[in-house]
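Next come two complexes built around chain A: one with chain B, the other with chain C.
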Partner chain A sequence: MNPSIAGALLLVCRKLLTAFVQLLVVATLIFSVMYIMPGDPVLLLLGAESNPSPEAVASMRSQLGLDQPVLTQYFTWLWNALHLDFGNSLTNGYPVSSYVLANLPRTLELAFAAIIVATLIGVPLGIAAALKRGSMRDTVLTSIATVGISVPVYILGTLMVLFFSIKLGWLPASGYTDISRNVVEHFRKLALPALALGFGLAASIARMTRSSMLEILGRDFVRALRAKGMPERRIIWQHVLRNAAIPIVTIIGLQLGNLMGGTVLVEAMFNWPGLSTLLVGAVSARNYPLVQGAMLAIAALFIVINLAVELFYSLLDPRIRRKRS
Partner chain B sequence: MDTIHVTIKAIRGNIVKKRVLGALFALASGFVAQQALAAEGGTVYFGLSGEPSTLDSTINAGTPARTIRLAIHRGLVNYGPDGKLSQELAESYDVSADALTYTFKLRDAKFHDGSPVTAEDVKASIERVTAEGSKATYRNELGVIKSIETPDAKTVTLTLAKPFVPLIHYLALPESAIVPAAWIKEHGTDPNATPVGAGPFKFSNWERGRELTVEKFDEYYKQDKPHLDDVHYVFYADENTRVNALKSGDVDIIDYVPWKDAASIEADPELKLESTTGPFMMLQFNTQFEPFSKPEVRQAISYAIDRAAIINTAFNGRGTPLFGLAIPEGYMGYSKDKANYFSHDVEKAKDMLAKAGYPNGFEARLLATSQYGFHNNTAIAVQAELAKIGIKLNLDLPDWSGRIAKNNAGDYDLLVAGTAGDIADPDWLSNFFYGGSQLVRLNNSAHFNDAVINDLLDKGRVTLDATEREKIYSQFVDRALEESPFVYLMWRDQSFGLRKNVKGFTNIPGFLTFQSGITIENTELE
Partner chain C sequence: MLEVRNLSIAFKTSAGLKPAVRGIDFTINPGEILGLVGESGSGKTITSLGVMGLLPPNAVVTAGEVLVDGVDMLKLSPAELRKLRGRHVAMIFQDPMASLDPIFTCGDQIVEAILLHENISKTQARRKALELLEKVHIPDPARTMRSYPHELSGGQCQRVMIAMAVSCKPRIIIADEPTTALDVTVQKQVLDLLRGLNQEVGAAILLITHDLGVIYEVADRVVVMYAGEKMEEATTQDLFTNPKSDYAKALIDSMPALGSKHGRLPVIERDDAGNVRSVRPEPRIRPAQAGPVPDSAGRVPLLELRELCKSYWVKPSPLSTPVEMRAVDKVSFAIAPRTTLGLVGESGCGKTTLSRAVIRLSNPDSGQILFKGKDIAKLSESEMLPFRREIAMVFQNPYGSLNPRQTVSDLVAAPMIIVGEGDSGERGRRVAHLLDAVGLPRSAASKYPHEFSGGQRQRIAVARALALKPSLVICDEAVSALDVSVQAQVLNLLKDLQVEFDLTYLFISHDLSVVEHVSDTVAVMQKGRIVEYGPADGIFAAPKDPYTRMLLDAVPTIGVERAERGAL
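Right, the complex of A and B next:
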């Protein structure tokens, strides 16, 4: 076999194994955390404001299997989870997997929309700033980028809602419409959360684009091309940008995983029914199986995305592949 | 649906334009113009503070669940917009002189599945609550019903094991809804079954995590009701998101308006605020140990706390101080003289504390929750107030679920609670003050058990004569103030936010604010 293909396969296998171990550790952590937390799902289920009788509580507890020893519950859960069965929601008996599968694509959609927004804003701004280094334009753009990185997403989101929804009435303040029901409404409701989530990222992409461009612009081959009399426009688009692209692509890829963290706030703020909304609701209700399922899905998503980015990156840049194998 | 919503927005815009153009005619013709615009039908988007964990009609799973169930279901009786009992599926009822037999005559009504509401359905619905192993919230209260007779399809007779005057009020709760006997047989134990009731709206769709839709039931037993075509209950767990949704016009009504946003909603020309002072904030004590086993200490705390500090710290000034017992004006047991029993008096509080054997105060653990700002901030205000008489409070602030668990385990010295009575009958007090066999409960002061109070509450439950009952509860109030198992802090404003064009939705005063969802049958859009 071609040694470089064998090396790539080995790398993929090693990465997959690491990912699996990571998932197992995360799963165990998730399971234990829920049982350390005080609070009783049964009481909440029977109406926390009222006074359920001890018999009703006991019967509900055994019906839900919560009277089993914790270790038994853990191994049953782990075994089932390996078969992609995450149990049933405590509140209504629906399979957890159906909740997770319904909400997972919405979180992914939000994250990807944010990445697209961020790239569309960040890269042109970065290029614009780099081309006029030290100018007024550069200073303004760099300041905007600094602000964008520093402003927490919940403040930015609130300001956007105040301005675009309440003052101007252009976009809905929150919510979600299924794309099958109304395409326009779907994207109108996606716009603000994607902007809020993507803006901070746009700022870091702009900064990365700027510094990466500047670095390449200072290289000898650019001077050579200029000396050769190549038009400036062609130098920038065909040579500088292409060489500057690798660090930019990397930062975009790596941020995708981090965006999962940002979605927690953004989903709550915009009532976007993704994994985080599911998780937050489930935690307050002490809906153990749902919390475990949702957290596991988020963790898995994070691990898988980072894995994909790393693999993709090493395929893109042969130097990395060679170095590691 | 969305097109309808857009049309409504367009109408809203028209109203504004008309007002500007017809300034001179505003007084004379504005009313007429609005009348002309008030049309049947339309869609209301109702922003709720949470998604129900269940729609099981026998379990009180919180206000959002009740709001939705009150659109779908009706009971024999319910509480109407004025807070009084209203005959719903029962056309009339009669209570025997010994308060042992209740006879109901049913009206002609239909369930959403088209079947008529019969005596058998009433029997099956009540027996579902009282059945062995039932998880119904009010199983104990309705458990007093010994047998149910159905002499004909339109008559139901309930025979009680012992006299129980407040029964009719418990039957008025949303958890005593009447559902078809056939439905119970088939779906009674399935938490996900499509609910079928006899209310103004029928269940249409539940998109988990987002919204629940109900649509007009054409054969509702009240003529010309409901007015709306459908109602979308949209879930907004985050309070800021909920308020923004109202302000931007995404929704037409929201529940649980945060106190900090009340003023801005009032000031908005497009919006209005419907407020009442039903629920109250109080301190519960674990009375098993000193110092809180001593009534003088609890009284001293009541004297020591400046109620205004709490209202301002935790409720943006939106509340009414409470210096006596939390009995709403107009409810049995209310007395103007005793409403201000504990006036704010720090010196007196210090004296009482010294007499009780704590001249230098003491240290204790105050349980509240960090999950809800008003609980959290009430705890902080109480901590600051009691520091003035030498009581050092350490705050214990788990999330809501953790707090409930500790509350139910009696794991606290004193705790911040915010609640309301269940019913408009004075027997609501039993849930809070009665000792008996289960001494650690959600709503009582742990281990509080006073023979005089128990006895008066027992008497109140079996006495049918109103004057006699009034006397009993007046004695109760005296004893309760003396013992002070609770320190009452304030009546808090409980508000709905509405767009101006929403008419007919009423915030039911007093404790019944949490059952205001029933007035969706009167709600219309202009």
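Right, the complex of A and C next:
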């Protein structure tokens, strides 16, 4: 087999295996955290105030499988989780997986929309600042980026609601409309939470783009390209940006991963029914199976996104692609 | 063809303009190779960048003209200038690996250079690129087309750069230290190639270098620069037989050359009026308190290696089993006390791996390291401690080997603090004594490394190495990063210290002239093995191994003219 293809395959297999092991470790942690946490789910379920009889408690316990040895519980849970069966919600008995599957695409959609906003703003700003290093433009852009990083998302969100929905009345302040019911309304409601999240993230992407571009602009080969007579614009877009891409892709990927569980504030503020909303609700209701299911889904998304980012590196940089060989 | 008239360039600093180049004039005629020689900081690179209009943002041309076929490059618009670059004037840089974009294949980069200036199809450009690679004698041009820069050696990368530079048949090629980062044998090939292309393509070459040997081998005429000013312009022949300026004379003298006698190297000095002259300092006399010279005759060698081996395991392809790469292969040699063993070889031959194994920074696989007769190859970390005091090391890069956040006194005292020697007063006295010994003022103690020049920093590194009164000092390319005149100072210093402190040196270098100058015995290393070992005089006078002969042949020599002049 062609050694470089073999190398690429080997790389992918190794990454997949690592991802699986990571997921297993996370799953174990999630299970044990739930086990160690104070409070008895059975009492909670039966209503501790109603003082349930010991028989009722015992029968509920065996019904939930909580009378089994811990290890048996763990392996049963893991086995079921592998089949996407996270048990049933303690509050209404519906399967957890149906909740997770319903909310997961909404979180993904919000996260991707926010990251696209952030990239579209951050990368060009970073380039603009880097090309005029030390100029007025650089100073202004860098200061805006610093402010952007330090303003909490709920303040930015509130300001945007005040401006765009209350003052101008362009966009709805909150809520969610399913795409199958009304496409336009769906995206109108996506806009504000995505912008609010995206602006904050754009700031750090801009800073990373700026410093990474500056590092590459100082390299010898850029001078060599100029000596070849290549137009400056082409040097920037074709050579410098591609070389500068790895740290930028890294930070975009990390942010996307963080968004999987990190949209709590925005989801709550804009009434967006995503995974975070689900998780917060489940935690306050001590709905253990739902908490476990939501946490595992978030962790899995995070790991998958990181995997995708790492594989993307080797597309960007031949040195990573071939170094493994 | 290229005429530089009264060119002045200055750096913008917070204190106003600081001149870097002052009123330089020179002309390159068609088909000629003009050498521009000077030490680092003399302004030769900034001159070439000024010619290309590629000055860094903090530098400006303050006066002068750069005429290419009568057109002043400095007055052109960026777009006009760009058309001239690559097509009329091409450039080759010092570090070939860094001058290629790491994420594009070499073929794509040559094709890109061709398409910038020629209106041909991509297929035609690829064919042309392949031809160019053949012309620069790259082995397997088709594979090189598909290779990324990191997959090639430095010499191959420089050939790719040269192929790119000649791709549009430029009239002038500016080569800025094109061989400085390469081994001598590769340097010879690249210089031969440049000279051949100069005749074949007919391009004039501006060859910028600090290496007089390179100039002597290749250039037709030479411009000598010092501190931003032109010192002398002469034909190569004249410069070496009859240098007019004091500086050129001093520069030529300070360079150790093959076949020159042992002794002290002249160094360049500036007097208060700013005039330069060559001075041959007297050797220092062994201080009385050092006691009588220890009698070393008939005693055991200070360091003896027996069949020392160190391997690395590398995977040639991802699916294959690792294979053994013998970086150090059954190396045996001995160094008598108070003598110097010069270890020469090209990059990748295992010199540094060997030195790291000797001070046990890495563990040798097999073999013995006898230090004062005791085998230290298998000692544990704690058993090694007393020996660590006895063996010190001086590294190549004086900019990287000194912690920038420590003062000189902290740096030099650090080894004493590590082994817990003396109180602070005692350490202070010893630091002062060491600074005296390496020729730095005592006021240096409270300063930081960035306040010193490269040569001064290497003196600090030497002082630190001597802090624990070692008997063996390993100098790993200790003078390679320094200018010739500074190199001469440091080499003189090392010789003085050998006498004063009874030191034994393991002197590792790729530079044969330097090794000949300092060594009593020489070991030549190739691919992990010692191919020739013996007294320095014998090896340099009558090398037996073909590899040693090849190395010696590749060194650019300026011996004849200098000897004629009777300078040494």
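Definition applied: the second predicted complex is superposed on the first by the 245 of 325 C-alpha atoms of A that agree within 3 Å, B and C clash if a C-alpha of one lies under 4 Å from a C-alpha of the other, contacts with A are read in each partner's own complex, and residues count from 1 in each chain.
Just so it is clear, a residue touches a chain if its C-beta (ideal position, glycine included) is under 8 Å from a C-beta of that chain, and two chains touch if they have at least 3 such contacts.
Everything numeric in this text was worked out from a predicted model, so none of it was measured.
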Identify the partner contact of A:A27: answer first if only chain B is touched, second if only chain C is, both if each is, neither if none is.
neither
If you stack the two complexes on chain A, which partner ends up touching A:A114: first (chain B), second (chain C), both, or neither?
neither
Answer with first, second, both or neither: which of chain B and chain C does A:I166 touch in the superposed model?
first
Comparison of chain B and chain C by chain A residues contacted:
B
Which partner chains sit in contact with A:E185 here, chain B, chain C, both or neither? Use first/second/both/neither.
first
Give one of first, second, both or neither to describe whether A:N92 is in contact with chain B, with chain C, with both, or with none.
first
Chain B versus chain C as contact partner of A:N243, first or second or both or neither
second
In the overlay, answer first, second, both or neither for which of chain B and chain C A:A224 touches.
second
Go through the superposed model and pick first if A:S174 touches only chain B, second if only chain C, both, or neither.
first
Chain A residues contacting chain B in one complex and chain C in the other none
Touching chain C in the complex, chain A uses residues 1, 3, 6-7, 10-11, 219-221, 223-232, 239, 242-243, 316-319, 322, 324-325
Contacts from chain B onto chain A in the complex sit at residues 2, 51, 53-54, 59-62, 133-135, 137-140, 191-192, 208-210, 234-238, 240-241, 244-245, 247-250, 371, 398-402, 404-406, 408, 419, 422, 431, 438, 441-443
Quick check on the complex: what are the chain C residues that touch chain A?
52, 54, 78, 82-87, 90-91, 93, 95, 98-105, 112-113, 116-117, 148, 150-151, 161, 164, 315, 317-319
Could you list, by residue number, the parts of chain A that touch chain B in their complex?
37-41, 43-56, 59-60, 91-94, 99, 102-103, 158, 161-162, 165-166, 169, 172-177, 182, 185, 268-271, 273, 277-278, 280-281, 283-286
